[in-house]
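Shared chain: chain A. Partners: chain B in the first complex, chain C in the second.
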Partner chain A sequence: MRCPVQRSPYPYWFVLPAAVVFVTLFLVPTVASLWFSLTRWDLYTASYIGLDNFRQFFSEQNLTLGLMNTVIYAVLTSATKTVFGLLLAVLLTSGIWGQSFLRTVVFFPVLVSTIGVGITFTVLMHPTKGLFNVGLAAIGLHGPGWLTDASLALYSVALVDLWKGVGLATLIYIAGLAAISPDYYEAARIDGATRVQQFWRVTVPLVQPATVTVITLSLIGGLRSFDLIWAMTKGGPGFSSDVLASVIYKQYQAGFYGLSTAGNVILFVLIATIILPLTWWFNRKEVDL
Partner chain B sequence: MKLIPSAALFSAFVMVSGLAQADTVLSVLIDNNPETIASMNALTKAYTAAHPDVTFDIEQRPGGADGDNLIKTRLATGEMADVFDYNSGSLFQALKPTDTLADLSGLASQAGILDSFKTVVTGTDGVVRGVPFGAAMGGGIYYNKKIYADLGLKVPTTWAEFMANNEKIKAAGKVPVAQTYGDTWSSQLFVLSDFYNVAQVVPGFAADYTGNKAKYATTPAAMAGFQHLEDVFKAGYLNPDFGAAKFDDGMKMVATGEAAHYPMLTFGIGSVKQNEPDNLNDVGFFAQPGDDAAHNGLTVWMPAALYVPAKSANLDAAKAFVDFAGSVDGCNLMIGANGATGPYLIKGCELPKDVPASVADMLPYFQKDGGTVPALEFLSPIKGPNLEQITVAVGSGITSAADGAKQYDQDVEKQAKQLGLPNW
Partner chain C sequence: MTRRQYWTGIIATVVALVIFVVPFVFIAFTAVKDKAQASHLDFTWPLQFLFWQNLVDVVTTRNYMLLLAYFNSSIITVGAVAMLILFGAMVGYVLQRRQSRWNQVIFGCVLAGLIIPPAVVPTIWVMQGLGLFKTIWGMVLIQVAYGLAFSVLLYRSFIATIPRDLDEAARIDGAKPLQIFLRVILPLLKPVTVTLIVVQSIAIFNDFTNPLYYLPGKENVTVQLTLFNFQSQFSTQFNLLFMNILLVTIPPLIVFIFFNRQIVAGMTAGAVKG
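And then the complex of A and B:
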C-alpha cells in the first residue's frame, strides 16, 4: 500500500539554499531584534533592561503626536489615492484625446526617486522664494508656509505623496476596469442608466478587487512612510510632522539602538494589527460578491 | 583558492597602472563644511609633498545628526577611515573613546597643544585621543556694523539692551534677528551661547546637571536661553523665511545688512569670506548678553579634533599624519587655507595681524580674566540629541519656553542613561 500523502518528488535538501538565505537574513534578525529591544545597546555591549525601552518609547514626548500623524498620514494618502486613482482611471479609459500620453504623464512621478521629489518640492514650497508662493503672490494671494507652518507641514507632504503615488493607483484601476465586461454597461444602458448611475452601480462594485489592492498597498505604504517626510521636513518644524518611522530613525541617529529597535517592534505590531483584520474583512467581502 | 589569483591579478594591475609608487593610502573622513575641506586639502597636499609614499583618499560626510549617526555606526562596525574629524567634548565621549579610538598621547605635537584642549579629548581613562583641528570658537551674535552706525546703536551688554536695539531696528524697517531653522542645528545658539551667563549666576550648574541634581526647567538662569528664543519670535523680530532659511542665508543676511543680528558660532565668518567677501568687515560680533552688564563674557567652543580609530589598518601612518596636523606647521597651513576665524590652541601658532573685524571683536574676551567660559558640552558629558528640534519648536512658537526646557530635561535623561552615568 502506498502512503496516502503524496510525497514531493524532489529531495528536501533542494530547499536548503532558500532556507539559509531566509533564516540568516530574515528569521535571525527578527528574533535578534526582539531580544535587543529589551536591552540598552550601544552596538558593543547590550545590557538587559526588561521592558524599559517600551516604557520609554511610550512616554516619549512626541510619540503620541507621531502615532496620530502616522495614522492621519496613512488614511489621508490612502483615501485620496483611491478616489483620485479611480477617477483618473475612468477618465483615462474613456477614450479621450491623447489617452496614452496622459497615462504616461500620470504614471511618470512613480518612477522618479522619492528623495529627488522631496528635495524638489522643498524648493518649490519655500515660504518666500518658492514657486508656489511666488505664483500666489503674483495673483495677489499670500501663500502659507507649506513646510514651515506646524499645522500645515504634514498635509503638504501628504499632498506631494498623492502626486507621486496616484499614478500607481491609476494603473491598478485601469487594469481593474479593463477586466469589467462591456456587457454590464450595455445592459445598464438598455435599462436607461445614466453615466453617473453606471459609475456607481456597475464600475464601483465590479472594480472592488482593484480597490482592495490599492487601499492595502497605499495604507501599508502610508503607515511605514519615511523617505518623503525625511527629505522634506525631517519631522519638523520641531516635531510637528513626525511619524512613527521618523521617531524611530531619530532614536537610531542618536545612538539609542535598543530604544529604536523597540520602536521597530511597535511599528511591526501596529501595521500587523491594522492590516491583518483589514485584509480578512476585504477577503470576506470579496467572497460575498 | 579562487581569491589568490584574483588578488595577484589586482596587484599586478595596480603595479602596471603606476599607482604602486605610493606605499600607503590613508583614508580620511571629514565633514562637508567648506572650511574643513580647505583645511584638509592644505594639510594632505603638504604632507604628500614631504612624504611622497603617503597619499590620501578623502571622503566627505554631512554634519549634524546625520554625521553623528555615520561616525558612530562606522566606528562600531570597524569601517571607519584611518583619520576622521569630529567634535570634542560631550559628543567625543559618546563615541566610547576608550574602546574605539587610538591613544594619541605619545605624539610629539602634544607638547605644544594647550591643556585646555587636551581635557576635552581625554577619555574616562585619562588618555588623550585627539589633536585640535581648527580654531576655538565663540558662541554669540553677529551684527551688521552699518546698521548699527546708521541707527546710532551701541553694542548691548544686557539682554534688555539687545531687545531695545531690536525694537529700533524693526522700526527702521530692517529684520532685527535672522534665524535659519532650515538647518535645525543653528537653532540651538540662544540656548547654548547663554551658558556664560548661566555659569555667572549658578557656578555649580555643570556639575549638578551631570549629577542629575540641576535641571533646565527648574533653574531660572538656565531657562533664560529658551525664553530668549520665545521672546524674539513673539516680538516678530525674525526674517519671514526663518523656518526654511539655512546657515549660509543667515550669514548672508547679516553681512549684506538685510538683517541686523544672527546668533551663531564664530566659525560662521568663513562663509562670509567665501560668499560675500566685499562685506567681510561689515560684520561685527558680540557675546550673548545676560541680565548683568558687569558680568558680560563669551561662551567658548573648543575646536573639533582629528582622531584615529583603534582598529585602523594604517595605525602608525595615520598617527604620523595627525601629529603633523597638530604641529605649528599644520596650524599655519590651516590659517593659510581659511584665514583666521579664532584663536588656535597650539603654542607658537599666532594669528595674522589683519584678522576680519568680527574676529578682532572676539579676541578681547579671551584676553580678559574670566572673560570666557567653556560651553556646557565641554564641562559635562551629556548633551541631549533632540535639542535642535526642541529649540526649533520653541523658536517657531510651537512650544512654550517652559515646556521646551522640560522636554530637554527628559531628552538629557535618556542620553545619561545610555552613557551609563551614575545617579541616573
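And then the complex of A and C:
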C-alpha cells in the first residue's frame, strides 16, 4: 500500500466544478435576493428600506393583479394539462388507427420555440383577420377579441399554453399507463366492470405517480411562465394579463431593482407554499394506497 | 383492429390535423407568400412561392443578424451542454457511489435548483462583479447553473444500474479515480448522455427569458431574441416574420425526427417512479 490513508475512489473534488458554477450563479443570487428585496437598489448602492417593496407590491393594484393572475394561470394550465393529458394518453394507448402518428403530432409543439408559437397564435387570434374568428364566422358565430379583450387575454394565452404543453403531459401519462399490469384490467373485466368503471377504478388510481409528476411539473412551469405571455400580450391590454414573472421583468426594465427582486422573493415563496404541501400530501396518499 | 378502433382513429386524426397541424401549415404557407398576400393573415394557398427570396431577405436583414444569432445560439448550446454532461455526470457519480452527510446537502441543492425561480437582478449583480454580464461565456455558465439539477438527477438514477464491481476492477488494475470515471463509467453512460444532449440542447436553443436578461446588446443576439425583435421590425412583412419562425422551427423538427426515442426517455424520466 503506497498511501498510508486509504483514499476514496469517489473523491469529493468531482463535485467541485458543478458546485462552483451552481453556488456562484444560483445560490449566491438567491440568498442575496433576500437582502436586496429589502432595499432601494441601483446595482451599485443599496439602501435599506425595510418591507417597503413588499408593501408596495401588495398595495398597488396592478401588482396584486399580477399575483392573482399567476395563480389563476398556473392552476388553469396545470388542471387542463392533467385532464387532457390523461384522456389523450388513454386514447393513444387504446390501439386506434394512426396511433403513433397522433402521438408525434400531439407531442411536437412541446419542442417548438415558445416565441414562435406565441407570434403564430397572436396572428391566428387576430380579432378580425385571424383564423380563429374567420373560422367562427364561417359557422355563423361572432368570435371575441381573444387577446384584445382585457377579461379574456389571460385565458387565451392559457389556451395556447395548453396547446403547446399538453403533449408533455400525454407523454408522461403514456409512460405511466405502460407501467400498469394488464392483469388489473382483465380482473376488472371478469368482474363485469364497464370501460368507464375501469377508467375510474383501475386507471386513475394506478396512474397516480404520473399524475403527481404532471401536476407538479406543470404547476411549477405555470407559476414561473413568462415567455409565452410576453410574446403574446406583454401583460396587456393594460395590466390584465400580467403575471409575477412579467411584473418582475417590467420593474427591472424600469430600473426598480429592489422592487423587482421583491417580486422574485414573492414568486419563490408562492411556489414553495404551493408545491411543498402538495408534494407532502401526494407522498402521504401514496402510502395509504 | 376493431371497427371501433378504426373509426375512432380516423376521427381523432382529423381533429388532431385541425388543432395541431394547421398552425404549422399556416406558418409554412405564410412564410412563402409575397408581402401583400401575407398581410391578409388568412389561411390560404400561397399565390406565389417565394421560399428562396424570403429566406434571403430574412437572413440579410440588419446586416446578417440572423446568421450571427444562429452562431451565438450554437456556441451557447454546445458549450453549455458539454459542461452539463461532464459536470452533471461527475456529481451524479459521486452522489450515487458515496454515502455521507454531504449527499443530503447535494440533494437539497438539486431540489432547490428544480423549484426555485432564479433571482434575476441579484444574478446580474453577481455577473457584473465577475465580468460575466453581457458575455457569451456568462450565458453558457448560466445555462449550466440552471440545467445542472436535471442532469444530476438523470445521471444519478442511471449510474445506480452500473455495478460497483466495474469500478473495483479498474481500481485493482491501478486506475486513478479520474481514469475510472473517464475510461470506465462515462462511456457506459452513453444512452442517458444522448438523451440529455438532445433534451438540453432543445431547451437551451429555445430559451428566451435568460438571454433577454443576461445577454442584452446587439452583438450578443440569440435566435429567440432575434425572432422576438423581428416581431416589431417585420410588423408589415408577415411573410418574413413567418419565414423566421419556420427557420426556428426546423432545427427541433430535425432533432425530433432523429432522436424521438431519446427525447421520450428524457421527458418521462422519473415519471413512473421518481
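To be clear about the criterion, the second predicted complex is superposed on the first by the 272 of 289 C-alpha atoms of A that agree within 3 Å, B and C clash if a C-alpha of one lies under 4 Å from a C-alpha of the other, contacts with A are read in each partner's own complex, and residues count from 1 in each chain.
Quick note on the criterion: a residue touches a chain if its C-beta (ideal position, glycine included) is under 8 Å from a C-beta of that chain, and two chains touch if they have at least 3 such contacts.
The shown structure was predicted, so the numbers you read here are calculated from the model rather than taken from an experiment.
Chemist: Should chain B and chain C be called a clash or a fit once both complexes are overlaid on chain A?
Modeler: fit
Chemist: With both structures fitted on chain A, tell me whether chain B or chain C touches more of chain A's residues.
Modeler: Of chain B and chain C, more residues of chain A lie in contact with C.
Chemist: Name the contact category of A:224: first (chain B only), second (chain C only), both, or neither.
Modeler: A:224 contacts chain C only, not chain B.
Chemist: In the overlay, answer first, second, both or neither for which of chain B and chain C A:147 touches.
Modeler: first
Chemist: If we overlay the two complexes on their shared chain A, which of chain B and chain C does A:168 touch? Say first, second, both or neither.
Modeler: After superposing on A, A:168 lies in contact with chain C but is clear of chain B.
Chemist: With both complexes superposed on chain A, which partner does A:129 reach: first (chain B), second (chain C), both or neither?
Modeler: Both partners, chain B and chain C.
Chemist: For A:254, is the partner it touches chain B (first), chain C (second), both, or none of the two (neither)?
Modeler: The answer is first: A:254 touches chain B but not chain C.
Chemist: Scan A:112 for contacts with chain B and chain C and give back first, second, both or neither.
Modeler: After superposing on A, A:112 lies in contact with chain C but is clear of chain B.
Chemist: Could you say whether A:67 touches chain B, chain C, both of them, or neither, answering first, second, both or neither?
Modeler: It touches nothing on chain B or chain C.
Chemist: Would you sort A:38 into first (chain B), second (chain C), both or neither based on which partner it touches?
Modeler: In the superposition, A:38 touches no partner, neither chain B nor chain C.
Chemist: Once both structures are overlaid, what angle do chain B and chain C make about chain A, taking C-alpha centres and a multiple of 10 degrees?
Modeler: For this superposition the angle at chain A equals 80 degrees.
Chemist: Of the partners chain B and chain C, which touch A:243 in the superposed model: first, second, both, neither?
Modeler: neither
Chemist: Can you work out, in whole Å, how close the C-alpha atoms of chain B and chain C get once everything is superposed?
Modeler: Least C-alpha distance: 5 Å.
Chemist: Go through chain A and flag every residue that touches chain B in one model and chain C in the other.
Modeler: Touching chain B and chain C on chain A: residues 43, 126, 129, 252.
Chemist: Along chain C, where are the residues that touch chain A in the complex?
Modeler: 1, 5-10, 12-13, 16-17, 19-23, 26-27, 30, 40-43, 83, 86-88, 90-91, 93-95, 97-98, 102, 106, 109, 112-128, 130, 141-142, 144-146, 148, 152, 167, 171, 177, 180-181, 202, 206, 208-209, 212-213, 223-224, 227-228, 231, 238, 241-242, 245, 248-249, 252-253, 255-256, 260, 263-264, 267-268, 270-274
Chemist: Please name which positions on chain A make contact with chain B in the complex.
Modeler: 40, 42-44, 56, 61, 126-129, 145, 147-150, 234-240, 250, 252-256, 259
Chemist: Which residues of chain B touch chain A once you look at their complex with the stated criterion?
Modeler: 65-66, 68-69, 72-73, 76-77, 94, 96, 99, 181, 184, 240-244, 385-386, 389-390, 392-394, 396, 398-399, 407, 410, 414-415, 417-418, 420
Chemist: Can you name the residues of chain A that touch chain C in the complex?
Modeler: 7-12, 14-15, 17-19, 21-22, 24-30, 32-33, 36, 41, 43, 91, 94-99, 101-102, 104-106, 108-117, 119-121, 123-124, 126, 129-131, 134, 163, 168, 171-172, 174-176, 179, 209-210, 213, 220, 223-224, 226-227, 230-231, 245, 248-249, 252, 257, 260-261, 264-265, 267-268, 271-272, 275
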